[in-house]
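Per-chain residue numbering starts at 1, and chain names A, B, C, D and E are given in the order in which the chains are listed.
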Amino acid sequence: MRPDSAEPDLSALSTGDLVVESPAAVPAPPPPATSGFELTPKPATAPDADRGLLEVAIGPHHPSTHGVFRLNAVLDGERIVRFKPVFGYLHRNHEKIGENGTYLSAMPYTDRLDYFCSLSNNWAYALAVEKLAGLAVPERADYIRIITAELTRIQNHAALIGFLLQELGAMGTPLMYAFREREKILDLFEALTGARMMCNYLRFGGCRCDLPAGWLEECRRVVEGLPRFFDEFENLLSTNEILMARTQGIGVLPPELAVSAGVTGPMLRASGVNYDLRKVDRYGLYDRFEFRVPLGEHGDVYDRYMVRILEMRESAKILQQALREVPGGPIVDPKVKLRNFRPKAGEAYGRLESPKGELGFYLISDGSTNPYRYRIRPPSFINLTILEDMCQGLTLQDALVILGAVDIVMGEVDR
Amino acid sequence: MNLPGTGIIKGMVETARNFVGSYHDPERLTTIEYPEERLTQPENARSFPMLIFDDDPVKGLRCVACKICEKECPPQCIYIVQDRDERGKPRKFPRIFDLDISVCMSCQICVEVCPFDSIKMNTEFELSTDDRFGRLLLHRDDLAKSNEYYHQIHATEAAEVDARLADEKAKAEAKAKPAAAKPASPVPTAAKAAAPAQPAAPVKSPAADKPAAKPASPAEPAAA
Amino acid sequence: METLDVIKTRAEAAVPGAQLALAPNGAVPAEASLVVDSAHAAAVARFLRDDPQLQLDYCSNVTGVDWLEASIKEKIKTRKLVDGVEKEVEETVEHKRPGHLEAVYHLYSMKLKHGPLVLRQRTANRVDQVRVASLTPVWRSAEFQEREAYDLFGIVFDGHPDLRRILMWDEFQDHPMRKDYVEPDDYEYEPTAHDDVLDKARRHYPVEEHP
Amino acid sequence: MPADGHPYLFLALFAGAAVVFCLSLLGLARLWAMLVSPAKPGPTKNAPYECSLASQGDAWVQFRSAYYLYAIIFLVFDVETVFLLPFAVAFTHLSVGAFVAMMVFLLLLVEGLVWAWRKGALAWH
Amino acid sequence: MIDEGLRSELSKQGVFTTTVGELYNWGRKNSIWPLNFGLACCAIEMIAASMARFDISRFGSEVFRPSPRQADLMIVAGTVTKKMAPQVVRLYNQMPEPKYVIAMGACAISGGPFKQGYNVLKGIDRYLPVDVHIPGCPPRPEALLHALITLQEKIAGQKLTGPERAPHLQEEAPSEYPIPDYGAYDLDPPKNPDVWQPPVLARKD
């Protein structure tokens, strides 16, 4: 049992496995919504055993943890008392490999970060390096980047809604619809970059190769079919009573707690905070296309679901505008050297709106070919900070639905 | 209108429409029966690298063992040993060219950085085996593939590569001809345009050997 | 957002006794960063969050950085008497930068939507004095990222509610992201080993093979 | 129906055939296990599966009382189906009185369920 | 064994003959139930293989069992990190015989692109015997189906009796492998010597 003094005594660190800290007698009331969120350590009271609390590990191998993610849950019957996540089961040392390799050799590794959205990871890394070295990107490359990033957003949100419905017990049906659509978009990626999921397509200052013949027509055909797919998805799900009963009012996230906990992406906008990097940072040529940012009012799981559906529709609108005329011209800045690329010593933090939230790359360069410090700001890892606050006092089934709505991908959470 | 059950019924109507549709609407039948019916891979598809030779697997191999791909490969899965002839002088030919496809992440950075267009991406993906130490480590002879095969799998890309090699050879010969008049030896200019050591392959017009089996992807210029 | 100097002066006024400094940044965007001492870090952070003009209510990114002992050559222009004439002379001065760990915070404002303010906290050295003030009570988003900096770099954050290892298993001793970390040796089967991997793999070869 | 045999003979034959059929399958499997594929028990194989972790602590934890409420309410359906089955089989030959009696029986059970539901026994708290 | 001439002769007349072993293997190979065990990116390709387009249910393997008790194939799809390795070996131990392992993707075979990581196990065959390896990062869904076909051929070839009968029928063949535990710097033991026997390499130059 750790003394709850402010000074963490290093020697008596509790084990990472089942934290034996016991909760307050009555579950701690949700913290008062002050301007910032002052987190006070939970007071320790009687040990769990004699009060009938069940400690169970929702372990690394679990059908509904979206990968190898573990939660130490202390349950009062079905109610959640404590919900501590344990990470690290897919910690693949992305940053150490990034620092041992050159700038270019880190690019294929960014595909494996959030393995649903390889092209927006590439763009985030390319954006950070271009900011570090001050490179310009030709207009055609920016158009291609926007098209591929929005296609990635659509297939990521569709797959996520499929997995969220699987949490609610709809075994497979919505996932089948989502993956049927995702396969069409993966065919486009394979025709353009050569690989379905691991595209490794962007380079510093542009793209690797030009659009193959006939790719734009194929892309227009797929984008025209998207609204019909969205209507079909909405008919199937949005007004479904079971979905509404199971997700409305569950996992409510107050806006101040969301901002203070650094939650970004659809989860933040579902709580009503208008913060979308495509509008805030105006990176790429996003200010050339008009699209709206959907916001939710209650901040519960149903709003997160609805915000993602509306975001898919907005992405389809961006695609229609972008595909109308893609300008000609070079696709990469010819001055940029492919091998021994040495940016000047210094540091830069580039970020963009990935489907999960704000994906940032913080690079410190010391003038050599390898980055001195290569850090990734993982949106799904930080969105998990307040998982326990959202699940406080709910049943285990609702907590797993909330976990599903956070949209975590373990490659990015554990890096 | 929303009586308690209508949402669920609307969902079921949607599923019913898809169920009925799967009997007549080809767009609904997405299954590819794999071993009998195969998915035609798009042209840029890539799986693992392969070495290109022009006409003879050993003499015609384009690779000059410059080890640029060995240095640039992110997971470091290429191993090259340069060949030395009897007097120990290094020859522009790899005696050993090992590629460990159990480590390769098929990121095709080796293709990008190779100045001699000697390593390209294959599309063969049916390589599952139970022999861990033998069949997953490809040696130079398993990797070497002919230029014609390269034309079969990546038609437009192969055509561009051949065109570029042809005019490089033409430029090198043009430079060599006046140099032959003057005794000064032509210094190989940029590393990019190193004269191919072995006699250049007879340039086949790309359209000639495009096999009918490959779906004729329209070859008009790429820009929209 | 105002320039960093204005913020620095206002912060020093708001938090008496805080030693603030500006760290230059050589890259093209040239966003300088504000170095704050650990004792007053929490107070300065609250000022940055609650100040009406700044309202930096969103701590986007917390990073640990390991700076090794290094000797830095700097070109500085000094006026020196050269054979009687007062002239601008550029000479390189070499000074040793002591090894230290660093926690870097990127702060944004979601309300006013303005850009990053980079806040840095530096430890005394890399060996025993590795304590830095935790900013989790100010921004809740720093909780997991500070635990990761503790796990991978060994920076101890005072005042963190739950400082435990987050990525490595608990019995793990080292801090693996440090520059001088030696990784475990399991290089016995490396079919395509060359350069430094070959040296590690050679230790597993049969003895007589060694040249 | 064999005219001379005991009227319930067919029932005994039917039950015997069913039992023999099941036992023969199980016997074959037991035979196969004994003769051909050896059993290989082991410490971790017999350990309880807990999401691929070594299970800590014992499972003999006092359960919440709400679980027993669910078990008791389940009885309402259990008893109901036990009596519904013969009722359904002999439904066509029944007189109206028997039908009404059955409906009253069903009504009583459903009324018990409604009472429990309104009392909030099903809501988990 | 039946001689093939007699068998083809009989089958012309419509009489189909088989042996107990073939029947046993035919039943097993067409209903391999994989364990629902996704680690990383390859798991997404495994899910894509189980969806409508690359329909894994045509091979009888669409039933992804969440618990190891009902699974007889473990598809190790993704990077096995050192923190996850003990759990993978424990899952393998808790699976009933006969059980098979497919190492899907470069990471499961040899650590793949993350081989230089300090927390990455350089291949699951350091602790478990692997039946089929699928190279690729990630391998296409069709490559997974091709691996299933390879595994089915391997099962069809397994004998019922005799010295080299199927391992799960041999009394002495181990069905459990020791689970590594967490050491101070690495897992100890770092590998299982009687499962992991790599050829000895020697680079002269």
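Just so it is clear, contacts are C-beta pairs under 8 Å (C-beta built on N, C-alpha and C of every residue); 3 or more make two chains touch, one makes a residue touch a chain.
What you see is a predicted model, and the numbers here were worked out from it, not measured in a lab.
Any chain touching chain C that also touches chain D appears here: A, E.
The chain closest to the protein's centre is A, with centres computed as averages of CA atoms.
Ranking all chains by how far their C-alpha centres lie from the centre of chain C, first place goes to D. For the pairs A-B and A-C, the larger set of C-beta contacts lies at A-C.
The mean-CA centres of chain B and chain C are about 43 angstrom from one another, to the nearest whole unit. We define each chain's centre as the mean of its Cα atoms; on that basis chain B and chain E are separated by 30 Å. Within chain E, contacts with two or more other chains are made by residues 52-53, 83, 87, 91, 113, 116, 118-119, 137, 140, 198-199. Counting only residues that touch two or more partner chains, chain D has 52-53. Among the residues of chain C, those in touch with two or more other chains are 167-170, 176, 189, 191, 193, 197. Here the touching chains pair up as A-B, A-C, A-D, A-E, B-C, B-E, C-E, D-E. Within the complex, the chain E residues that touch chain A are 36-41, 43-45, 47-48, 51-53, 66, 78-79, 81, 83-84, 87, 91, 107, 113-114, 116-120, 137-138, 140. Chain B makes touch with chain C in their complex at residues 70, 76-79, 98-100, 103, 133, 137. Those residues of chain A that touch chain D in the complex are listed here as 17-18, 49, 52, 54-62, 70, 76-79, 395.
Here chain A touches chain E in the complex through residues 59-63, 67-68, 88-94, 96-97, 100, 108-109, 112, 115-116, 175-176, 179-180, 182-183, 186, 196-198, 410-411, going by the rule given at the top.
Note for the complex: chain E touches chain C at residues 82-83, 116, 118-119, 122, 126, 182-186, 190-191, 198-204.
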